[in-house]
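Look at the two complexes coming up: chain A is in both, with chain B in one and chain C in the other.
Showing the complex of A and B:
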């Protein structure tokens, strides 16, 4: 694919056009969400519109100056997703405030986090001129990931709803695991791009499968231990799946060996089996997935299926075109603004709206993979692949869980769920993918080939005898 | 809410769904250039303004020249060997899988590669120990080979002939 010959165009103007369209979607959603429930054009309307508008135009300007050839559709897609998420969180706030006047609104804080996340992405774009610099931090990122993953287990950590994945920072809570997925992706990309050839060449061949050497399995064992550790000590099935899936994809992309995938699946099979036997919460999750509609499972106090079934009722209520923003009852679902936000959107925008949102995610991920195909360095390829895949896997786990395709696990919907750490991490991922796509699309800085052919070549049919002399 | 107000709200809600899909479809539209793989697409031809800004974008028509059809070894142990050139790349080296197996102590196993691109043949060194020389200059990257220009690998010299 990287041999597509196109004229290098910066395409920032089309980005601006799409960005304005995305802002229209974001602000429009916010306006509709508040219609009939509050004064139109209230404080929140303006804070959402101004924050998104200013910050996204700021990033657009930075891209014009610093990364002229970055992919033009990534920024608009993400702004639209973030804006629709903010609108839905605000809409759920309004419902909650009608029931309970003392309810502390979530949306204003989420707007603040959006500003922080977009600002951090902008800073990353300015500071990090080239993603290849990150390769120097391969092993440092491993250590940072370990620290981030261990932080919730220290006294700083907080346990919320049985999962110990938060830490308390001065002004609120933070989920270090969200940042850890970036640092782990950097480590895997750095490690695999360095040791790829070794892993590829060594090892016994049995039938069509080339088995890896035992020592090359070490990083895979590390990834497996991390996932199992997260599952056991932090009781977070979603992150556990995410980390292991990330590693599996990156090693498959690096080596294109099916044996790795088989070994990985076998290891995860063992992990799932052990988890089912040992931990009641995993077993309950499975039970409330398979027997979701059984009354005793629905009513069970911890680990019941009420949440997912309410979400399904909401989706059914929405139907094809949805009830319209602000006209449904998505607030009946617990955690409608974080884990279940897709169910809320499905109820109010209907299948047509949710498919549009899924399409936006698909486009975003495909642009990430496209950047990976286009860039020339192995590290960048692996990093872009891994980071886009984390977004794809999160969407699959969340939307699959809500539609009862797979058991529901607590992962955030990228850019939409209420929660600052997830938003911050995903915006940083976007900044990294933008940088990688810039190196992928930027025309080569060297002089074009045709100017640098040696004169002695005799391009225009000079007598060749003299040329023969020169070789002696 | 009044009748007319409700109608407006309903229209606005439908309008939002349409707007969402306009965003999706215009994003896809912006990407259609990328959907063409492996060949130069029409959308990619530079405009006059782009040529003015980046003069290196101008494509010169390739100069008329005789295409190479044969490879001839002119020096070294295999002197006199000829090989007909087809459309497939040619591996030069001591390895048994090479297209032209060089019995030359100064050649590497997989020494160099000749490959066609467009109407020309290019030579590329495959990380050999002693290097590949095109018209006396050591190769650092793939370069086009014109018929009659000597390529030296160890003690062997080969030429393309029309």
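Showing the complex of A and C:
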């Protein structure tokens, strides 16, 4: 299927070097955020530095042992994003504490979540030798997804700001939908890689469009139902868009059929129309996007445009080079440390800084896509591509919403926003992409495949010098 | 499958390109417009987040920024707020600023060019930017006395100047207000307080009545007539002016009378000394008719009429009307009709006569001091213009001393000190009269020039609140 040339070198040392660079950026940002507002080198500084440092080196070591050919760029990028996010959350904590001494700081909890998320990613790397094992859990994943998505609707669920997407767990709240993103991706990758040929060959051809059979539309319909269900019952437009985008891209990659995309877009169109007609909160979002600067829209509560307009003011205040960490007023924007963290970063780091952050996402997504291209199994391709594309889509929805390119929806910025479930889910995604990239980059055995890969690599476990391979 | 994955990547890159484009649009191309948006409070926060300099009177802060624990780092606090309200003005989040807070804002906020060196030093020493302090010429004891001399509920102003420098020693007006009501950080409360203050009769909190309210001067304006008469060369101490009980005009009903109960009636003709002593309307009206509108106007201008200037707060122009008919000129020349003055303007007239005819520019600022109180700048006394010749000034001084010794202002007499003065009453049929005193002391070596106006009072109350108050103020200044 592919003609990508892979040089079989492990590149773990490059990863270590990049990792140190990423840690320097993360810890440096955290130090700058506190300057003039707190004692330098306080408790939080060390907890952030030590957590990030130990956990990322831990993952690095696991990769050296378990997946030495994994992509070397992904881990440093994610550590940098997570660390800069922690610094900004801490910086906003300091502003909030100045106004209200009783304010409960968010950053220490986020550091804890970072440790949990990175630890979970490490465990996943250790436990899951090969991502293909997950294919066995295709239908179990569907059931798990359904349970996760329904959990907030049970008595365990909590409604916050009108959206019912949280459940309360002993020490706090959790968004099961974030994990459902992964399990749904596994289900779709498994289902589509198995039934791909069937879906492709059947169906009528009308002009250039090959229309699918009605029964093959079932997964598509399921995706649509999940998205609309999330929108209706949980009132969460952002997640709904995300789920649907995930299914769309996976179906397209599985079938290479534009007709499927067109059908999907038509269904989205119907969904959006229905949502606009039925749900006032969606219509209000739309209105406060189009007429953000109208006074009656600005002051409207709920559903006013004050948040997005204040975010724009923040970005404008940052301008090209930014005010510098700690020198702007990102605290004037509501939800500056979660939904609007890009506005806060844009204000204090400027266009240059926020473009650098976006470029990190571009690299991350591209490396994920690269893993999808490189791996040989259809399941891995679908999974890596779907998960990577989800990160891109999430960035687009969040930053597009903040810059008023599209209506603002409540979504987290991957790895940066305050919020444990999102961080955990995204780190698990990173672990999966790392595993897939390992199979993509590992030198293929020249002899017919034996029981396990290490034997194929030769007695020493190192790749043979001549093993330049064209992978498919 | 890989072709489709590449297409997905292209779509992802396309989405990233879109957000990079829209970030650039917002942060670069739209930034200026967004920064200027009236809903954008960031500039305000930046300005209000800085430690603003203090306004000092005799080393004590009457307006200062103290650390606050809210979203702004500092809070503006006014000490003895009602005593100094009209001088400090207010520095408000939603109402802007006024008076010294407005006029000296660049110094107070530290953005003035004279503070450039200070800023550079702070940049390298890492100390937070801080505004400079403004020290006033006000004497706190004189200010307090003047304030107490205006009864609560009485509308009036008192200005005390140092004639040789133009330094303002006291400047008070009532009714007054508490600028702290407008200086909080809750815009809702500010709006409420501002609305309540607007309801208060006689108060417009954004102006300083001593420099910005125009009132009829009445007979104190006769000093300007007398000055014009002497400066014209057509009158001297010997000149006799007809002094009828009322001045009639051919063809109309109106007649300008002398004050019925006054001493003018005792003489059918008067010299200037007597006319001033008893404040005879008809005598001065005839001088004005003789000299003409332009001559009076020109003399008034040489005392500062018709000119707006800053001390450094704004002073509105006092005015003598033009294009007058004879009856109108007659009325205007005795400080009625459309003649309008600020209380400060009449203090300037007295100060110019006191200072050998030299009018010094009134000044409210003694010095600019850096945050560490190091002297940055100290305004020097500035000659505004020569209002009258020294001879005219001497002559007017003698006559004004006579007014206090024998005439309408005997209440201002201070034992052992020659006090020069002139009273006035501007009459209104409907709301009561304006009672005036303007003068200076000691006559031979003037230390203090005073202007007092009490608005909307009956004549006995007005007399009680002017000349005797002048006496108290003169004593206070001479005994400091």
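By definition in this document, the second predicted complex is superposed on the first by the 437 of 472 C-alpha atoms of A that agree within 3 Å, B and C clash if a C-alpha of one lies under 4 Å from a C-alpha of the other, contacts with A are read in each partner's own complex, and residues count from 1 in each chain.
The rule we apply is simple: a residue touches a chain if its C-beta (ideal position, glycine included) is under 8 Å from a C-beta of that chain, and two chains touch if they have at least 3 such contacts.
Computed from a prediction, not measured in an experiment: that's the story for all the values here.
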Answer with first, second, both or neither: which of chain B and chain C does A:393 touch in the superposed model?
-> second
_Per the contact definition in the header, classify A:256: touching chain B only (first), chain C only (second), both, or neither._
second
Practice task
Using the superposition on chain A described above, determine whether A:298 touches chain B (first), chain C (second), both, or neither.
Solution key: second
* Taking the superposition as given, does A:363 touch the first partner, chain B, the second, chain C, both, or neither? -> first
Applying the touch criterion given at the start, work out whether A:98 contacts chain B, chain C, both or neither, answering first, second, both or neither.
-> second
| request: Could you tell me if A:316 is touching chain B, chain C, both of them or neither one (first, second, both, neither)? | output: second
Touched partner set for A:350, first chain B, second chain C, both or neither
both
Footprint intersection on chain A (chain B / chain C) at 1, 4, 350
Touching chain B in the complex, chain A uses residues 1, 3-9, 11, 14, 17-18, 21-22, 24-25, 28-29, 32, 35-36, 72-73, 76-77, 80, 321-322, 324-325, 327, 349-350, 352-353, 356-357, 359-360, 363, 367, 370, 443, 447-448, 450-451, 453-454, 456-461, 464, 467-468, 470-471
In the complex, the residues of chain A that touch chain C are 1-2, 4, 98-99, 101, 249, 252-256, 293, 298, 309, 312-320, 328-329, 331-332, 346, 350-351, 354-355, 358, 361-362, 365-366, 369, 372-373, 378, 381, 385, 388-389, 392-393, 395-396, 399-400, 403-405
In the complex, chain B touches chain A at residues 1, 9-10, 12-17, 19-24, 26-28, 30-31, 33-34, 36-41, 43-46, 50, 54, 56-57, 60, 63, 65, 74, 133-137, 143-144, 146, 148-150, 152, 157
Contacts from chain C onto chain A in the complex sit at residues 1-9, 11-13, 15-16, 18-20, 22-28, 30-35, 37, 39-42, 45-46, 69-71
